[in-house]
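Two complexes, one shared chain (chain A), two partners (chain B, chain C).
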Partner chain A sequence: MIFFKKKKKNQQQEAKSNSTKGTLTFPELMKKLTASADFSTVKQTSLSTFYISYYKTLVNPEFLHRDLLPYITEMPLKNLDDIQKHLPLDGMVKSNDVHDIANKVTEGFILIQMNKGDPEGLLVPSLSTENRQISIPETEFSVVGPKEAFVESLDTNLNLIRKRLPIPEFTVKEVRVGKLSKTRVAIIYIDGIADAENVNTAIQRVNDIEYDHVVDSSYINQMISDNENSPFPQLIDTERPDRVASVLSEGKVAIMADGSPHALTGPTTIVEFFSAFEDYFLNWTLASVFRLIRLMAVMFSVLSTPLYVAVLTFHYEMIPENLLATLVASRNDIPFPPILEAIVLELSIELLREAGARLPSKVGQTIGIVGGIVIGTAAVQAGLTSNVLLIIVALAALASFTTPVYQMSNTIRLLRFPFLIFAQFLGVLGVAICFAFIVSHLLKLTSLGRPYIAPLYPLRVNDLKDALIRMPFSVQNSRPSSVRPQDKAKMNKKRAKEKHDIED
Partner chain B sequence: MSQISENKQISPYMAFYMVTTMQIGVGILGFERYIAKTAGHDAWISVIIGGLLFNVLIWMIYRILSRENADIIGVHRNLFGRWIGGTLSFLLLIYFSSTILTVLRTYIEVIQIWIFPELGTPIITFILLGLAYSYVIGGIRVVAGLSVLGFFMSLPLFLLKYYALKNAHYTNFLPILDHSFSDLMAATKGVTLDYLGFELILLYLPFLKHPEKSQKWAHLGNLFTMFTYLITVFVSFVYFNQEQLQHTIWATLTLWKIVDLPFAQRFEYAGIALWLFVILPNICIGFWSVSRGIHRLYKIKQKSALRTMMFIIFICSILVVDRQQVDILNTKVSQIGFYILYAYIPFLFVIQLILGKGNGKGKGRKTSNG
Partner chain C sequence: MVRKNMIIVFTLFLLTGCFPSKKILEDVQLVSAVGYDYKSNSQVELNGMVAIPQRGEDVPPISEVFTATTNTSKMARALEQAESPKPFEIGRLDIALYNHRLAENGIYDLVDTLQRDPSLGRDLYMAIVKGSTKTLLKQQYPLSETPSKYLLQLLDQNMNANIPKSNIHDFLYRYYGKGMDPNLPLIEKQGDRIRVIGTALLKDDKMVGQLKLEDSFLLKLLMEPFEKGIYEVKFKNNQFFTIQNLSSKVEYQFKNVKRSPSVDISVKVKGRVSEAPKIPVSNPALIEQLESATEKAMNKRTNKIVKKLQKAKVDTIGLGDLARSRTRGFDFKRWDEQYPDIPINVKVKVEITQAGITE
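Here is the complex of A and B:
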């Protein structure tokens, strides 16, 4: 607590030191700027004299020489207003506010002054943005469907979404976050569909962020989530613009940060974490079955090893005779109790996964295969683990990869360890108790203030059409009520029905 | 006292889940023996009679509460004044607490008999109370959510009845109506404990949005309970004969034992573990309601009331040592519950009818709920 208070005090002091900057004078600013090697001030003496100052590393030189200098050197210009009139550019600002000038210049504006000491200057926007090319989504890859993924530039990303929703209601609110990084954060929603309360919650939470640098949207994800301590992600993190567009049309809100190739969407519910966007590209029967398989996989991934430990430690009566023989044969000369066996194997799988994730992809793959096969076989042959458990653990690891959202699959990875411990102490009852604890946590969890396990509780039968299974598009006629959209209907049900008649 | 704000209230249909999950508890695991003692193979009639009688009681409770637009504590205060009313509410809260203790202790007894004979009561009580605490602390919405999830998680257990039906003797039911009316009524009294629990609605009704709309859901909940019991009794009666049934303490549990799948058998272990989700809503709704009642009565913070209550229940649970005492606890609480429901509720109903004329409705509204 004391530590916390101290921290607060420090912050206040910092804030104070920030405000003392208010007395910054123009010469002081220029001194500060020229201290940096990449800042240059050029004196232009052609028909009239003026000074051009800019960061060489921020400003596009092509722009400077092709689009700016020719216009102002070829004419006799008396003052800044003249220059502003003659430049065929927009977004120019004439300012004599030192702070404004400081902010703009550090963002990539070119400063034009008539005299060196003049506190007044014309600011011309000229930002060179070095971008990565738009590439294929990697973590949310889909075989069919669009293959565009977000890049690190906010404007490019907004373009990717806006071209999918060419309507004036598509609204972008921009906020700057982070004292040092001054990251541009955009809150995106469709006006008239998204609930105003959700939008306000999102804007307010982003505005409330107090941190010096915000590098990625995942920072924001953690900072604005309802429960910071929960292992469950409370906003969906996606790299697919098509997914964002479709989520926005459901009345949700998206948050994007400049410099981050991911968008956050919310309010979200737990079932969304288990639905891949590819589900919408497949026929609904197939998509529903795959979704169910994915859910089963999650259950299997979390519960299989704990149940193995529980049953083999306490309730071997539960195993039928025929199966018991197999199990006994496999566990015959294992010197360890089931829990130790399970934890060692689970940890070694985690180890392989972690090593694979840190290494370059080609080496990582090899490590995974070599490690898996060699260590697994060797451990069984050495009599350290039973091969039945090896199969279970490997399958459980495989099953946890089926979760489409990466952050959720990490949660699932972690979730089985408390289950293992409870299983060791109280058998199947322990598994049930651990499950009950997690359910209690999930029931209390909210996403942007909306219930997290929404279509299940509060029970919304109408929303179940796109939860555990995905019903056909003809049934998807309303937006999920858990996000309280202003406009509930996705389509005109009556008109849709009229079009379907025999022989029509 | 102010009206409960809407974002803390729950939908009226939640009454369905809260009533059934409160009613179905530990009783169903072994109630066949008690009702078959007197009414034999006709005991299913008692189940129906009991269910219908309880529908009347639900109607009465709704009438009592809606007339005052308050919970039972407000009703007591309006009818009997601060002191007598307060005492009555206090006694009622003690009864409710003892039902929580009964459910909790009986479940622990089941665990100790069927799974872990050497598991110490304090440990498992502590864990279960901790679990309950984590739910109740989240408020009525979380507790209600638990009852919905508990309801759906226990539904698959119905499927296990199939294995008993494979070896059924349907003639066990014949001849129908072989027992006298007094036998049937005695069995109805025996079935009371299994229908008990819904009366907590006396405390949580103001937290339901549009209480008047929730009444039909409460009735439906009670009917669902009746339906569940009927299936349970039916399956147990066709599987066991009456002689066997008298020696089977946990008839429903014993039926899970015969389940035989290629990869698992002895389903009672899984069943008892899953039963946690039937027991937990019971305990949690109980704790929430009683701590809310204490908060209303004595202006203590609900959180501190909850902690104190949990401590007392913890001590009481340890003090109940063996099977006999659990049995006594069950019988006594069931008896008290019987009198409260069949005598006190109608009494309150009549008193309110008589006094209600003198007081008028206005007074009731003044001290509405909160």
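Here is the complex of A and C:
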């Protein structure tokens, strides 16, 4: 115990010394910068003399030669103010703060100075961004509906959302996160709809992130989640701008990081993880049935193998008369007890999935077929597994992929292992106990401080119309109350119910 | 905190002895039928039939019978265990058979052991066998994979149509309940078939009489509403027709229960003429004649059955219990004394609704 305390103290001291280190003089900065091979300082002597310093790999050369140099070389300019006046560009900053200059130059600004040693300089933004084209969403593909997915540039992503919500209330708060990466993180919400407390929680948690580099929004997802030890994701991550726009209009908050093609939305509830955005593109009857099927698939995926193990190990009485002979016959030659059989098969399915995910897509497909069919039949013929379990495991694996949110499907795949262990020790009673553990964990879980299984507990009858089933749009007249929206009504209830018949 | 968690984890290891014992499906021998045979007044022969699944998908299981003779059935199981490769489990028991001689001496002690077993379901079928249960269980029947499956399907099917419903739950309910007596199906092995030959009437746990199959159908009419079964009626000279029961309903009326009780049982049968050679059934006038003929035949027969029950002092219909449920301050002793002489009047009303699609 004492040992741990000491270590903590040391860390605190280190942190302090880090933060006080920041005094830097201008020559020191220039020395640091020029140590890099791609940093160049050019002396311009035409009508007047300048020094232009920039990272060759960061600034846009076309911009430099076409839009900047012609203006300042063809005119007699005496000082930085003169330049600022004559340049038809925005975002220029005159600064004599060394840290400011250091930050801006490393972000892609061009530094213009009159004399080489001057502590003062004009900073002209000229970031060249290499962007991927906007492409089709891959993990959340839908047959109908928009086919745009986020890319790695925050500005492009914001553009994709903003054009879906062209209102002044659409607000973006920007925070920089990560000591080294200085990642731009945007917290997005609709002012007047989103609850101020939710927004503040999100902003505060993002601000509090203490890490050296934040590469992706999934880093943020883990860092700001309410319970980082929970296997359940507490924020939805999505690559669909249309989904983000609709979630924002419900009064939720979205968080996006530069360099990440995924947005995080919250506060979220568990039922949202089982609703695909495509549900809104289908008729409500179809969408509701599909949602229920998905929910049953989840239950099946989590419980089928544990129940198989429990019933075969403890409760042979439960097996239906007509299934008994089939089960005994298929189990007769197998040398393993049901639990080992189940774990081996589950792990081999996971193996296949991992191999499929790591390999290039074309090879991955082949591996899937080879693994699934060849190894499966071979294992049954060799008498290592029963074909009944093979069917159950394969179906359970299939069922786990029906969950529309990728992170949740991972959780579901993992969740069956504790169930399996409990089933082995205590039978169906064990399954029930494990289920009780999971439910109590879910009850305690929060998302941005809001209850995680909200429409179910605490019961929000009003929210249930877009939870396990999706009611028609004409009934969806209020925003989910579990996120405490400032403006509760989505629309005028009366006018929405009226039939607008075309009359002559 | 860390230490506390460690202690909790380590105490969990101490609990490993508390886990329930495992009964893995293929490591136990599932007994699917048991038969009890009479040996002597104190000894019973227990025959346990097990189905042993065979390798391969389309190979039917082989049935084997283990036999032992002892005074108590659990001890017999222990003796049978001595020659079985796997431990016996009776949780999947489908049917319990009792030799009729044994049944005449009382079967409660043998049922009691089944009743106490928590692994047994309450939907276990029981039946009384004319002849040895051992030879019945040992036979391979071409109609089904194993004798137990054959018996299960046989009784299941017949209880819908021909004989009163009865399983271990009903048996015990009627055994313990006052003012009613249990009944069990009566079966017999005939060559390579098993045949339901009627209903065994029990007084408490002793078999005291039997009804043949046609009478069992009528007894069923008196006991419960149901929707199947066929009855043959004689119509004029040498003409016969059969009535198929489409739905039946039974109502009881008790009069003057406290002093000199009398009972009216009215049965309503909706039926269909399913076969009538030489009778032009499409004639509506004739239908009425058919109805009255059926009513007459059924009335005669059911009243005979009721008389028979009264004579044997068995209340298979459960009239005592029905009377009790309708009478304040009901006296069972008096009722039991009076029962053989109570006027019980059965009235069957038949309504022929159709005569098939050719109509």
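The rule is short, and it goes like this: the second predicted complex is superposed on the first by the 475 of 504 C-alpha atoms of A that agree within 3 Å, B and C clash if a C-alpha of one lies under 4 Å from a C-alpha of the other, contacts with A are read in each partner's own complex, and residues count from 1 in each chain.
The rule is short, and it goes like this: a residue touches a chain if its C-beta (ideal position, glycine included) is under 8 Å from a C-beta of that chain, and two chains touch if they have at least 3 such contacts.
Quick caveat, the model's predicted, so the values are computed rather than measured.
Asks: Could you look at A:P338 and tell me whether it touches chain B, chain C, both or neither (first, second, both, neither)?
Replies: In the superposed model, A:P338 contacts chain C only, not chain B.
Asks: Once the shared chain is lined up, is A:T313 touching chain B (first), chain C (second), both, or neither of them?
Replies: The second partner, chain C, only.
Asks: Check the residue A:L456 against both partner chains and state whether it touches chain B (first), chain C (second), both, or neither.
Replies: A:L456: touches chain B, not chain C.
Asks: Which partner does A:L327 reach: the first (chain B), the second (chain C), both, or neither?
Replies: So A:L327 only meets chain C here.
Asks: Pick one for A:F473: touches chain B only (first), chain C only (second), both, or neither.
Replies: neither
Asks: For A:G427 in the superposed arrangement: first (chain B), second (chain C), both or neither?
Replies: Touch partners of A:G427: chain B and chain C.
Asks: Contact-wise, after the overlay, does A:F437 reach chain B, chain C, both or neither (first, second, both, neither)?
Replies: The first partner, chain B, only.
Asks: Overlap the chain B and chain C contact sets on chain A and report the shared residues.
Replies: The overlap between the chain B and chain C interfaces on chain A comprises residues 314, 317, 319, 426-427.
Asks: Which residues of chain A touch chain B in the complex?
Replies: Per the touch definition, chain A meets chain B at residues 314-315, 317-320, 322-323, 426-429, 431-433, 436-437, 439-441, 443-444, 453, 456-459.
Asks: Which of the residues in chain A end up touching chain C in this complex?
Replies: Listed in rising order, the residues are 1, 312-314, 316-317, 319, 321, 324-325, 327-329, 331-334, 337-338, 425-427.
Asks: Going by the contact rule at the top, pick out the chain B residues touching chain A in the complex.
Replies: That would be residues 10-11, 13, 111, 115-116, 119, 124, 127-128, 131, 134-135, 138, 141-142, 145-146, 148-149, 260-267, 269-270, 272-274, 276-277, 280 of chain B.
Asks: Touching residues of chain C toward chain A in the complex: what are they?
Replies: My answer: residues 2, 19-20, 22-26, 28, 30, 51, 53-57, 59, 61, 89, 91-92, 94, 119-121, 145, 149, 152.
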